[in-house]
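Please read through the structure below; I'll follow up with questions.
First chain written, first letter: the chains are A, B and C, and each begins at residue 1.
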């Protein structure tokens, strides 16, 4: 079934329009990657889905319900969870406290602190460290773990690779199959096309706020993707 | 030895100041709002207790059970109804709104209760003292207030560090947008923080009313003491607030003893200004700043 | 539209746009102001002594409001301790004229200078704080100032002092002289604010007020700009305090250093309208009138005022002046607009606009960005 659908959404920041008539649909259980260059509107799209931004036009439907008017904190209770751009861990809280905050909505499911620690062993080692004292890659792992703690049906991952070394990014994405296996639908946003292609079932490419390409990961050629990505 | 006595009195007074300060510090930490009506709220609570004593002949300590929860509810509603809106208007708006509330409270209380000095009578407890040595004795009431202050601070600290809501409050204070992504309703968190602030400052106000006489316009001076305690101790740390309160209490009482009673408060101000000039982050600032 | 097409259009738009000062040039405003001031200056010869006496209070309130607005509305610094300088100015007059025989009317500029000098080191202390804590910090400074002043015997200690030297001057003449001084200080305060705001400093201040980090990366000296405003406003407050001394001939520490003064300043600016020069003037007039009408209500007067201030802050962002002018009327225009460029209705691109024409609606869209 279609878990999430975004229909003809416009989004703006004040006078600046970031999304133009964007639509997408994610089926339950699949992994969709939205790719595009800087400023393409990918993070704006995720913010609109998560509830940090209201669409100026169009509708966001989750699990059959229109959620466009719902504030972000209510969408978490429904099963949408996001690891935001730039990690945004709570710096004065320990890693463990960060994870526990992730469970605030009280949704039940397979994910808890122990499960996250099994997924990312480095998290287990740093449980009592203050979040501000972690490296970028460690923070990203905690951020993903924190988002999982609410046992979401839909996990939004915003630019996991941002500012991280390729080796670290590989390790992080290596955990994705396990996440998908637990039944979570994943919508990830990435500038790193290679990584996105490796983990996603389907791809959608944005350019300056508009969809320019979509299709299954296997059916699109490198040339097609590059052309859409760079707008040539 | 007289100075030692003053020193001890100052420490005990510091407990009361810390009780005043923790609400101000919490509201600032969570919402970045400085409540300029903070002191006036404590006086409002004291007058509320007084009204209950006069009309229902309750013992002053019993009024705590009624006034404190009532003030907590009031705090929740005021935040939800008035302060929340001011957060979106501009950065200056909360200051202007709380200042307006301060003026309304002072003059409203004056209208209802007149400008006379009033006090909450606790009978012999006011003067009963514990003799420690030949030259050193401490009042039982002062000890009680200090104990209450420390207990409230410890409880608040435990609330923030161990409970789910307390964690949510700390998270909101760090990054309120990311907190929303965790399912935290930040309007609710802000209102809770305000409720706690109103409650703790009410306790402080009622104990102040038992300790000394008060008038409707006594609020602003208490705001200043609370603020000085927070700055001396260091922003963002409850233990810092306790330390700051003690430092201020000691400065005031020792200053009054060594120089003259008129100089007590001035000494406190000067210590505050010195900390501001020499160590502006206070003595125990929060380890991590956002 | 291809990516290329969009960027070419934008480049044309920007090239055709020019930045104009909002509204009429300085000369026109100055001329009109000069006429108004001249009319007001003649007033003591035609009006009663009571009116002249009362107007001094209005002008003083105008100064207080304009200066507080300079700090808060333009400088972004909310202070509740400016009464420190009002009191210092009042006592400076006592010290110099009453105790040391200086001409009373030199007292006003001297008081202003004294306050500026005192404000400079104070700024280094209070600037260590920000926002609400800055506000209370300024209040502590005011309390300390009061406590120190009340220790000085020659300033009357706690019970205040009367300016005996002034009582030798003929009352009518004294009244008029104080009136002209007050009018002069108010005119100077408004003119200085207007000139500063139209200059680079004004633009810098508004940038600092809105986005300090961004402003500093653009080269705006944030601290220095704010310090300038703090010191200049202190001089203004000092002058206002001096005027009050000369006006009432009596200075008492509890009223000279009263936080009530800050309450008045805040009400005047909030109700009149923060962030514009006209706002505090409108606010002072409203406040002055209300004070006369409602004085008999005692505490209720302040309760009403406090409630109005809260409501206005929350619901009527730009005060009475904001309501009346809707951002379009300007007695003292200090903003900028973008002119030229294409209009939505299809007017030819690149058409030039005259210096003094009203900006078109297209430019109005950017008002929030530039004003």
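Note that in this section contacts are C-beta pairs under 8 Å (C-beta built on N, C-alpha and C of every residue); 3 or more make two chains touch, one makes a residue touch a chain.
Small disclaimer: the values here were computed from a predicted structure and weren't measured.
When chain centres are set by their Cα atoms, the one at the greatest distance from subunit B is A.
When the C-beta pairs in contact are tallied for A-B and for B-C, the bigger tally goes to B-C.
Here the spacing of subunit A and subunit C, counted between their Cα centres, is 50 Å. Inter-chain centre distance (subunit A to subunit B, centres taken as mean C-alpha positions): 43 Å. Subunit C has its Cα centroid 34 Å from the Cα centroid of subunit B. If you check the complex, the residues on subunit B that touch subunit C are 28, 32-34, 36, 82, 85-86, 89-97, 99-104, 106-108, 110-111, 220, 223-224, 227-228, 230-231, 265-266, 269-270, 272-273, 276-277, 280. Those residues of subunit B that touch subunit A in the complex are listed here as 164, 167-168, 170-171, 173-175, 177-186, 286-288, 290. Those residues of subunit A whose C-beta lies close enough to touch subunit B in the complex are 50-52, 71-73, 76-77, 81-82, 84, 88-93, 97-98, 100-102, 104-105, 130, 132, 146-147, 150. Within the complex, the subunit C residues that touch subunit B are 72, 76, 78, 80, 125, 128-129, 131-133, 135-137, 139-141, 143-144, 147-148, 259, 263, 266, 270, 274, 298-300, 302-303, 305-307, 309-310, 313-314, 317.
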